[in-house]
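Here's the structure we're looking at; comments come further down.
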């Protein structure tokens, strides 16, 4: 049975190579995570186990795909950054996008028990993903700024919203109360009514998580003489810094070369 | 902190809407499954547990995404077919591709214990995926024919190869012995030396798996009067038919309208 | 001076191959033809010289590019149709689009004196162009129907509008008078006030122009014996038929195979 | 006759917006210009009239499309550069590509008599065009370097080739003689045999033509008082400089901002 007479169908595949010399961002987003978080009783406004699990998955993705220089995550989304010079999978959009998202999803289920203990995962999670090219350092930073600003806006809202709900308001009443308010109004309400200084809330909630490769000392036993050997290695790890300001980039100058 | 000054970065996302009125095939492929199958001691040439797990995942994807009319799988790959008229996710390539592949991957890990029992999954699997458009019925059939012919060619080869290896040859010796042989040579070798009639091998191995929505009787208890109610429902299920010939398409005329 | 160190820039060209087995339509549109028609005192509502020149250019394009099976033109636009099987320029969108539009533009200037006599062309015309794929016969017909329906709507409006203006109304008054009117109102107005039966207006204005390859007898002098030889040949020529109904397609069954 | 039931065909048009914040190069190339140059007896190796006409057309394109910052031409090709920030035609590839190429082609025919006098143009010229994005200044410069290096290589070859042919060799003999030679061999041959110092050949042939907007004094008559008024204006004009070295870019620092 010759396969050749059917092979013409390969020519229907469209080339989706991304423009060279641009940063590639691969962003994944939870599909239907509102329902997923309710089914699994995620704490509100933030469930630390869920965030730690997301960060774990992102770290696993970075351990597998060495080209990724940075990842930024908040809520049910994560963005992975490839440097301008990367030629991973010949820069094919669908290959990059699908490899990252499927690795993330399978890691999510694999590591669930580590973060949720005996609470079972009820059904498999789903994420979508896409690739976007950014030509300049400033465009890439503004992309990340956009996501971190989004984190801030949502987290301030959610923190206030759930403070009101935990205080006895219905969700609709809390929504109505916050309609049209500005950041300073929410900060004021949190402080005056609940004695919460928003700026003292843990950075992981206010700033999201940035995974970068940090130099760590790794000790292993030498196979030669059985003695411990210490060397430094780049290991992906989460920080919860402000990345909108210049400080972060000054501190990690190697990130953008 | 205004988000608006960063939002311009959204305009860097490229539109990837697929041409209307064409079949969309979403094909996923295992990444590094040679190593994955070795790590998990998959039986050779075929591991029934692994195939059943793949089919289970495909069925779950079809239960979630109702637009999919058919899926065809073999080895570590699966192809999902959307009809010409589908407007799922506005036909955006990356959204379709990533949703299917992440659902497949998370289901794979979730359902692993059902098929592999106490044997643990050692590390999370990874799949890539892509979308391809086919304008005509014949193009779509030829795509599926291509994959089923590929299944046949590989399975005949693998069956013969592993018969030789199980018989005592090294993998290199078996490879050398099969170099340059035709289908009929392999059939002959299997029959004369191992008394195996290739055509009697189970269809699931020779033909792969085709998931279609079959009409099944479903019985449930009426919430009104507590009595059992039987109705028919379309349920995705695997068949292992020849899909290259016309018979399959005559039997399931509704598939292509 | 080696050229090779700069050649990497070629990899920035993106592949723009169009999906196989679909009709390709290349549509060109005059840029700023309102001003162009005023500068050159085109007769209103229709200038026969301008239309004949457009048709001439389309015919020249079809004489050059043999793959084109049909062209449809009206006002300052023309659409060229390539069959599903065409592999012209490997189906590269920019190559197809630019070749057609530049040929059209250069023919327009070349042939201007033939149609406008001693009236000089004041400045070079400009056209844009684009390619669109249509997977089915019905999609292609509906595209052409869309253009011919557009021709009808515009021509009925323009015929009535200019009748009013030639009758003494200002352009603004004519516009106001036609605001909100339906086809039958315009037909009625033309008939009752100007004794014009719209359906008797020449088809070239009401239906636009369709260029197809018609079989014609061509007589040439034999180089062997100097005697006249007559043979039939397919020659692109304009007809002004209704192409929305089925009759046209029944009459020219070979067009869509 | 409602147009609306056909309008769905518009959704088959694919979005071809080019990535923001990148240089856009629109390159046009003569189609079949070998034959065109023979038909019109272009002088060999270079026909000054033909080059001047190409440059004239490029200047006209730049007078029409103000976003273009630079154009580079040699032989039968021209490249037009849009700055990173340009939003001309919303950065739609087909619109940009077709507008430039059709303007160029119609200008070519219009201005032919100005450069070729009484020698008639025998048939309409044809050009193709494409767009390419370049993210960085260096990528853009390397693109232009690539084209100017190509100009140099071809012109040195052609100059030597035609010297040999004008000297009595057949074209095949000249070709054979130059096979495998390096630049210095051709320079040497030109000098020793024909007393031609290649570096003294006019820059327009060796370097091609770069059109940039130069500040010029323009004098016009004031409509107020009938007196002459002189002001400066940016006018596109051709220079024939080396653009591979840094000097050109230092001299025109505003080009890349």
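First chain written, first letter: the chains are A, B, C and D, and each begins at residue 1.
By definition in this document, a residue touches a chain if its C-beta (ideal position, glycine included) is under 8 Å from a C-beta of that chain, and two chains touch if they have at least 3 such contacts.
Values in this document were obtained by computation on a predicted structure and should not be read as measured data.
Student: Check A-B against A-D and say which one is joined by more contacting C-beta pairs.
Tutor: Of A-B and A-D, it is A-B that has more C-beta pairs in contact.
Student: Centroid from C-alpha atoms only, then distance chain A to chain C, rounded to Å. What do you get?
Tutor: Using C-alpha averages as centres, the distance is 52 Å.
Student: Could you grab the centroid distance between chain A and chain D? Build each centroid from C-alpha atoms only and quote it in angstrom.
Tutor: Each chain reduced to its C-alpha mean, chain A and chain D end up 47 Å apart.
Student: From the C-alpha centre of chain A to that of chain B, how far is it in Å?
Tutor: Each chain reduced to its C-alpha mean, chain A and chain B end up 30 Å apart.
Student: For chain B, which residues are shared contacts with two or more other chains?
Tutor: Each of 12, 14, 19-21, 133, 139 in chain B touches at least two other chains.
Student: By the document's touch definition, which label belongs to this structure's chain graph: line, ring, star, complete, or other?
Tutor: Per interface graph, the chains form a complete graph.
Student: Given the complex with chain D, which residues does chain C contribute to the contact?
Tutor: It is residues 1-3, 6-10, 12-14, 16, 28, 31, 60, 64, 93-95, 97-99, 101-110, 121, 123-134, 139, 142-143, 145-146, 149-150, 152-153, 183, 244 of chain C that touch chain D.
Student: Tell me, which parts of chain A touch chain D in their complex?
Tutor: That would be residues 19-22, 84, 133-136, 139 of chain A.
Student: Along chain A, where are the residues that touch chain C in the complex?
Tutor: 11-12, 14-15, 17, 19-21
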